[in-house]
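In what comes next, subunit A is part of two complexes: it sits with subunit B in the first one and with subunit C in the second one.
And now, the complex of A and B:
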């Protein structure tokens, strides 16, 4: 092997890499937060809405889950201007991620709602609890326990998937990488380092989520 | 800029064959690699178990787009120049190996341990035990999530367009650059992906429902 590695030329750009990583985290967190609002509303509509609304929600879920994210982002960024809605790359990236994670989120939240045992709510009522108390003390924790693993892995998937937003030049880590390698011509080194940064982000998130689960969501041990 | 012609639409529709071929190659490559990963992950050799686990963690913890970029650039540091087609096929196969490996590990582990013990008691060694006793039982459980992953993989081939391989998505981009009809073109492409993926998703859900009913 005669290749000479030049990682110094990549680390010289560390402020841009750090900013890219920060953008990726902000973009993913915002998309997840807004996406969860979409998911909760969608799940409520799907479990207790009128039939026509359920059909619309089902169509939305199926369309999003059976088409590539790249096409979704192209339709939003390049397609919407033809009906008069022009979004900046960042706004289009956020919109596409929200629309995408919303569809996956609905099914997760719905499973959480369906995991709650009706008998538990009746038991709460017969103990004289008010609806809010029932929600706070009976429903909330088991529901979160049920959906927590799926939601956290969805968040990490979303963070990794946000790299596709570089295709429309939204400001995030992969776009920063593309920018750097177009200036120092060290494609391999740049992408290896950036892959490492993504991996570090995943590992930190995995550990943080596992820690939170240990601290707050541990199920009581059965005897 | 020119107007969109029938030839353009045909060019895009014919590019589906590259999407399908790439999906097929990545799936076959992923099946071979995934089987190796799943067996290593559930096997008796500690070093192999750790290696397989590390492989899965790295591929599940990094973006597919980065994996494709590296599949494109890594061979060149060894002095081998790969074209986008080879890079995409290689990158997607390695990616699929990790995900199928993890899915199949889960399926193998659902087979009760008593089955392995019984087979061992009958004098079967590792390979006949896996091939005749464990894997046939694991396959039933593995089918729905495997088809589910196939859908993910077909969608994932669209990222090959970013490293310059002309498949369905790239074909639409090329025509769009000349005619500028993004809504029509990407809408059409979305529809083509949907027509391929939706029946698979529906089929996977149907067998999954059947399996849950059968195991009650």
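And now, the complex of A and C:
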């Protein structure tokens, strides 16, 4: 069996691929930024909030971590209009990604918070700092430093998972690929190229994460 | 028990009356009465588990007491006191394990609370931080992180960090117990200088040489009680209580420390 690769027929659509890749990157980055806020606030509430709030957050985390991402997207895109909340495919995709990464992020950041030595918190209290000041100035940065590798892995997974958003025709890379192969019937070539693009996007994100760590989160070395 | 009067008629900064505390069913403090007067230096000693650390941790309410009253600088402390932070910022505390913030340099450790709690400008906070780092004799370490400092240096940064808040009283919770022996001296020297500058101090320590040299009164605790309170000369040379004598004979096997 022989197969003649015709990559030319894929590269002819490069503007669509580039736009798809750009959309994936923007969608993912936005979801990371908003998801990070959700994760930090959720972790704060889970470690020091009232019991009823912890219970709600636990329920949210378990619900998200034990159901398929595709179903979560469908619920948001096809389900919510039934109660009058109609989102565009891109808005629904962003919402679903934030809801999803938030649940995983809360648990990751909570682990970071719990790794902080209680003595530093006592030092903050003894200096007259209020609980939120202690969280922001004493706990948060070392907590993120401690779990940064886990957090960035989760963010890469988010970017790769965003391909599932093609199921509701959000404008991202996998949807663009689907469009192209439906026109040129070159599925193998299209998805090979898209595989390469996702890989390249991962490399870009890893580099960005490393740069952020170097600039803001570098731990001091001994001497 | 009777609280022995310190020299001079100075108003108490700290008043403890009948203070008791339990951890579960274990009573860790039993009806503690103690006054600390302005510029007074009190050393608290006793066997481990005697409640001495818990006692000073009640003074800034890192631990809540369950019975009796504690008044610091005119404010009665309660666990549910709103604005306990306002009391705590007047009370410096130095911990056994330093508890520096690892993500901040020595200088930043000293600047954080003055800026966030006292509302000092960055410039004013930095000036104060440099002044106190010089006073604890490590101005050249200002830009190092805690992991880059020795234990003795870290503890001196911790002392400077507390002093930057301009506290009315300083609490020390076994400040030299986690140090290698060769670093104990540099920390005690700083504490002696602080005492000589007139700071009100309550020091939990086993350093009996420090107690003899610096303390106005030595408090001996055992099993959650204050067993004996006396000026150092009387405490070391003529301990009245049998438990005090036994404790001193255990920690001073080679005889009582010399005054230097």
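We adopt the following convention: the second predicted complex is superposed on the first by the 186 of 223 C-alpha atoms of A that agree within 3 Å, B and C clash if a C-alpha of one lies under 4 Å from a C-alpha of the other, contacts with A are read in each partner's own complex, and residues count from 1 in each chain.
Throughout what follows, a contact is a pair of C-beta atoms (placed from the backbone, for glycine too) under 8 Å apart; a residue touches a chain by one contact, two chains touch by 3 or more.
The shown structure was predicted, so the numbers you read here are calculated from the model rather than taken from an experiment.
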{"item": "Partner chain in contact with A:113 - subunit B first, subunit C second, else both or neither", "value": "neither"}
{"item": "A:169 touches, of subunit B and subunit C: first, second, both or neither?", "value": "neither"}
{"item": "Which of subunit B and subunit C A:19 touches, first, second, both or neither", "value": "neither"}
{"item": "Touching partner for A:199 - first (subunit B), second (subunit C), both, neither", "value": "first"}
{"item": "Touching partner for A:74 - first (subunit B), second (subunit C), both, neither", "value": "first"}
{"item": "Partner with the higher number of touched subunit A residues, subunit C or subunit B", "value": "B"}
{"item": "First (subunit B), second (subunit C), both or neither touched by A:41", "value": "neither"}
{"item": "Touching partner for A:63 - first (subunit B), second (subunit C), both, neither", "value": "first"}
{"item": "Contact residues of subunit A, present in both the subunit B and the subunit C interface", "value": "none"}
{"item": "Complex contacts: residues of subunit A adjacent to subunit B", "value": "1-3, 62-63, 65-72, 74-75, 78-83, 156, 160-161, 163-164, 166-167, 174, 187-188, 191-192, 194-195, 198-199, 202-203, 206"}
{"item": "Residue numbers on subunit A that touch subunit C, as the complex places them", "value": "117, 119-120, 122-130, 133, 137-138, 141-142, 145, 219-223"}
{"item": "Residue ranges of subunit B in contact with subunit A within the complex", "value": "58, 60-67, 69-70, 73-74, 76-79, 151, 155-156, 158-159, 161-162, 169, 173, 176, 181-183, 186-187, 189-190, 193-194, 197-198, 201"}
{"item": "Interfacial residue positions of subunit C with respect to subunit A in the complex", "value": "60, 62, 85-93, 95, 97-103, 112-113, 116-117, 144-148, 158, 161-162, 165"}
